[in-house]
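Next up: the structures, one after another.
Two complexes follow with subunit A in common, the first pairing it with subunit B and the second with subunit C.
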Partner chain A sequence: MNQRLEAQHRLGGLIQKHYGRAREIERTREQPIAWASTGAPNEILWAMGFFVQFPEAYAATCGARHAAHAHCAVTEARGYERHLCTYCRNSIGASLAEMEGTGAFEPLARPDFLLVSNNSCILITKWWEHLSHYWKIPMINIDSPLVVPGMDRGDIIGHVKRQCIDLIQFLEDFTKKRFDHDRMKEIVENGKRSADGYRGMLDASRHDPVPASFFDLIGHNFPNLVLRYDPASAEHYEQMKTELDMRIAGGVAAAPGMKYRLYWDGVPYWFAIRNLYEKLRNFGMSLVTSTYFEVFAFENLDPSHPLDSVAENTAMFYLNRSVGYKTETTERIFRDFHLDGGVFAYASSCKPFSISMHYIADTVRKKLGAPVTIIEGDLVDETFYDEERNNTKLQALAEALAAKRK
Partner chain B sequence: MKKGEMLTGFKTMFKHPYRRAAEWKRITGKKVIGCVPMYFPDEMVHAAGALPVALFGSGEPISHADAHLMTNACDQVRSTFDSLLKGHYDFMDGVAALHVCDQVRFFIEVWQLDRPFPFFHQMWRPFKMDGSTRPFLLKELERLKSSLEKLTGNQITPQALRESIESYNESRLLIRAMNDIRSRRPGILGAADTARIIAAGMLMPIEENITLMKQLISVLEREAIDGSERTRIVVAGHPCAVPDADLLDMLENYGLSVIDDDLFSGGRRCATDVILENDPVEALADSYMNALPCTTHHFPSAWMKSGDDHSPYSDHVIEMVRKGNAEAVVILRMMYCDPFDLEFVFLKKRLEEEGIPFLPLVTQHGPVPLESLRTRVQAFAERLKTHL
Partner chain C sequence: MIVAGLDIGSTTTKAVILGFGQGFGGFYSDSMKPTGIDMPSVSKEVIGEAAGKVRLSFNDIERIVSTGYGRISVPFRTREMTEITCNATGVRKLYPQATLAVDIGGQDSKVIKMDASGRILAFAMNDRCAAGTGQFLEGAARTLGVSIDDLAKISRESKRKITMNSTCAVFAQTEIVSLITGRAKTEDIAAAVHEAVANRVYGLIRSVNPEPAAQIVMTGGVARNAAVVGSLERMLDREILVPNNPQVVTAYGAALLAEDLG
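And now, the complex of A and B:
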């Protein structure tokens, strides 16, 4: 964070431009606006001319700007339980506040259509049902099975593809436009280039000293998620890779003097990023990478098979993979990125990340001998966050790492 | 046999949930498969010559599971895992689960990795129910069929599966008959007894369950109880777990009679049959596609239109109230059950719009702190009595 990348300025510009454009389209209605989940087959929306916004990314922004708690409070007043996903509660709360004219934080542009896939969790479909209910607009869910041993990969992809075809038919009726296969191919091409660039950015962190920390990279999920249909996303990563390579060549570290390279597991506590960064730095620990980045990798895109590859991307979404697969991926990352230990961030309202966390952390500790700690908080609602308790755990981790190195 | 003796028998079976299954295994030498609630196709297990038993967890304090799972898991998941770690499932030959919710799907995976069983089968029932997802459901049913055939060495022929489905349909018919008596003569069968009877049916061979249910219905039909002065209510919620008996008893001690319910160990278990017309695997797939609205399903046709309010689950609960001529709904909300908690917001709104009184009660694992709920239940019962 103290060695600011040029890419951060460029990222700020991309974000600003995206949301500025959203406001403009909301006013002119020149394009339909969709709200979509991260793992949905969003290339179809882009090919159909939708402007796509992402309630999950918006929740992260609200968390980082300390606006999420107020949104969550709106839902609590409506009977939503506090233990429900705080991304979900933020999104519903912000929507209700916007409809009632009581919102204080910049909202997403109002949607015309909702697309979701239950490939991140099953709850997300219920969340989208509630958005559909309040906004009074249609939604479509793409059912995507959890990929478990014994299932046939081709069957799963075929299952998702059938629904993608149904989605296209629905959108043709909805927009009164024909689906443009050439445009789809172009979008998938752009997406593939963006995904390749994203992987290049992540792989730079294998180097020691790490040229950009987890905290530096975390915001750069945005282009590959939100803008990968546009060549601007790939260009961003290509320029970023050049910048990171220059750092590597020059021996420039993201934060000089760090003694330990750490792994992060789970969704960041968006409201506590700076606090955690400083705390870890004080202990000589640098967060290097995370399987969280895999959520935004979108690596199955293939312009020679646009629709099939979009279906595959949806079906093989990282969050929809088995606990065994996630554990193996975590172990591989520990080895490939030469990590010394790990911080596992339990999110009290996020069941998919949290239920298996204990198993993954324990496996890494036992198989790789890497010290790990599980800290506690939540995605965006800071009322669940106990800073002192977590600091104690991080200190214990630092001590365990020091003892191991002796 | 007298009613009291029969109810005590069911109570004992539920108190020792796996005693009969273990005994059955010892005598027959056949396989026992633990099935995580809800909606696992027991018929398929039965057709393979194995015994499916529901894994309800237990009422014991959770002392082992929290070392393996984070505590935001629901009570059903934590209690089931706790029972596993305490060895309650050791005699079983395998475990099977249908991914009904996020907790089950990730918990069951941890189980498979952390405490593997020789047979472990996870099945996907599409969350979205429509024609586009049916082919994959069929594949999943075929995959389950192959796994069970491999485990048991028995081929699941269409005829065997058809016969199993017929047995389960008969069991469902008998539960519906029992519920019908309860609805016509409130008070004849307590809600706690009803839940235990239905849950016990998931812990024994279906043939035994059919025999017992026939005896019970015969006994109930002979009993003269009117119960017309009691307030008729519907109980909804508690999707996976069997509700606490003391809590259900408390409702009825205040003059409320549960005449229908939407519990998995209740009306939901028997509401719809598997319609056997052609291929029995196809019939099972259709039964999922035509299932009762549940908080763990998504019905796409309801959400593809603009401008309407939808909650198929709320419609279902309201329909139960209307059909059963009930006065109110008690909603049992199991702690940390995300699908139900989200649906509750719609249900609450719809019940308010329809003018149907309701009482939501949050339940937690272990003995329910009845005193903290007693005042609310009493006030609710009195309000209903005064209002009627």
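And now, the complex of A and C:
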């Protein structure tokens, strides 16, 4: 964060352009607008000419800009309870504020259609259902069974693919347009190139000293999530890779003098990113990488089988994988990225992310002998953030890492 | 060399002074006071008092390791360290075989799991809720109109088991009031309160997955409460060791770490 990457400026431009375009389309209605979940088969929407926005990414932005609280208050006033997923509360609250004209923080462009998949959690479908109810627009849920041992991978992908075909039929009626297979292929091609670039960006962090920290990289999920249909996304990662390689060649560190390389587990506490970055840096700890990035990897895209690979991408979404798979992935990351310890960020209102955290942390500690700590907070609700105790836990982690080096 | 360990807890500030090296032969002194809002002043007073007991003054202290939630509030510290490391250090010095330390203070409870060499393997702290802490006991004593020391004594008379449903300190107060209204006996309520605290701490202990044969040491203000210790011993089906002055063990560990800083 202290050595600003050129890529940060470019990212700012991409984000601004996307939201500017959203405003324009909202006015002109030249394209239909969809709101979609991260793991849904969104290539289909892009191929059908939709402009796609992401309520989850919007919630993260609201969290980082300390605006989520006001949206959550709107839902609380209507009896939605505090322990409900705060991404969901933020989104419903912002939508209600928009409809009622009380104003939301930089709201998403009003949607015509909603697409969701239950591959991240069950609650998300209920969240979309409420959006559908309030906005009075159709929604489709792509059911994606959990990829757990004993389930046949081919069966799961087939099940998702059949729903993708139904989705296409629905959208053809909805938009009065034919599905364009060539356009789909092109979009999957762009997506594949973007996903490869994204992986290249992540892999640069294997280097010691790390050329860009977790905090530097975290915003760069945006292009691969929101813009991967557009060649601009791949170009962004390709240029970024060049910049990171130059740092590696020149021995430039994201933050000089760091003693320990750390893993982060879970969704970032968006409102506390800077605070955490500074705290960790003071203890000589650098956050290197996280399995959180896997959520935005979209690695199964294959232009030679556009629809199958989009179905596979949806079915094999990281959050839809078994605890065993997630544990193995975490262990692998610890080894490949030469990590010394881990911070596991429990999110009070997101149980799907947090439920396996204790198990994974414990396994890493026992199998790899790496000191770990579990801190407590939330994705966007600042009132769940337990600063005092978290400070103690992070310092205790630093002390454990020092004791281990002795 | 004269060093101090300073543990600034949410309710009480504790200091331990150690003298060692040539010409001293070694000495120990301690003191404590309510924390209040001016942590640096209280800390100076507590260290000064402990120093006074061995005819020294605050200015004679050469190194200070601060710990506890106010650890960074004192500008005169040589270094700050967490309660986790300090408590484990103090416990191991007193009980070299201990592999599980349970520390229950005013607003915090923590459990530290160590290996045979004393290296910290895992730790757990209570969440924001005060249910498994001294504050919970204090609130209950206030509602029952007895002193905190009497609360434990009274509970020994209990003949009838009541289970408290509330795991939250605030709701528990309401529950106690309704138990009083329902004519439950004070001693039975007192016993239920201790059981509730022990239950929360038991959960915390289980979360670090202790070795079945772990030697368990309990420290912190609540360790002086025989009823909580007794309840926990029954739940764990194991003996719990409690040092003579359980409240200053973390400060003692901080002083030992100050000695090591050299």
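Keep in mind that, in the parts below, the second predicted complex is superposed on the first by the 405 of 406 C-alpha atoms of A that agree within 3 Å, B and C clash if a C-alpha of one lies under 4 Å from a C-alpha of the other, contacts with A are read in each partner's own complex, and residues count from 1 in each chain.
The working rule: a residue touches a chain if its C-beta (ideal position, glycine included) is under 8 Å from a C-beta of that chain, and two chains touch if they have at least 3 such contacts.
Note that this is a predicted model, so its numbers are computed, not measured.
Asker: Once the shared chain is lined up, is A:Thr392 touching subunit B (first), subunit C (second), both, or neither of them?
Answerer: In the superposition, A:Thr392 touches subunit C alone.
Asker: Tell me which partner A:Asp143 touches in the superposition: subunit B (first), subunit C (second), both or neither.
Answerer: First partner only.
Asker: Touching A:Val323, do we find subunit B (first), subunit C (second), both, or neither?
Answerer: A:Val323: touches subunit B, not subunit C.
Asker: Between subunit B and subunit C, pick out the one touching the greater number of residues of subunit A.
Answerer: After superposing on chain A, more of subunit A is contacted by B.
Asker: If we overlay the two complexes on their shared chain A, which of subunit B and subunit C does A:Arg365 touch? Say first, second, both or neither.
Answerer: Only subunit C is touched by A:Arg365; subunit B is not.
Asker: Check the residue A:His159 against both partner chains and state whether it touches subunit B (first), subunit C (second), both, or neither.
Answerer: After superposition on chain A, A:His159 lies in contact with subunit B alone.
Asker: Please work out whether A:Thr125 is in contact with subunit B alone, subunit C alone, both, or neither, and reply first, second, both or neither.
Answerer: A:Thr125 contacts subunit B only, not subunit C.
Asker: Using the superposition on chain A described above, determine whether A:Ile355 touches subunit B (first), subunit C (second), both, or neither.
Answerer: first
Asker: Mind sorting out which residues of subunit A both subunit B and subunit C touch, each in its own complex?
Answerer: Subunit A residues touching both partners: 358.
Asker: List the residues on subunit A that touch subunit B in their complex, please.
Answerer: It comes out as residues 78-81, 83-85, 88, 118, 121-123, 125-127, 129-130, 132-133, 136-143, 145-146, 148, 150-152, 155-156, 158-159, 162-163, 166, 170, 322-324, 327, 346, 348-349, 351-352, 354-359.
Asker: In the complex of these two chains, what residues of subunit A are touching subunit C?
Answerer: 358, 362, 365, 376, 386, 388-389, 392-393, 395-396, 399-400, 403-404
Asker: What does subunit C use to touch subunit A in their complex?
Answerer: Residues 69, 80-85, 108, 119-123, 125, 127-128, 207, 209 of subunit C touch subunit A in their complex.
Asker: Within their complex, state which residues of subunit B touch subunit A.
Answerer: Against subunit A, subunit B makes touches at 68-70, 72-73, 77, 99, 101-103, 105-107, 109-110, 112-114, 121-122, 124, 126-128, 132-133, 135-136, 139-140, 143, 147, 295-296, 298, 300, 303-311, 336, 338-339, 341-346, 348.
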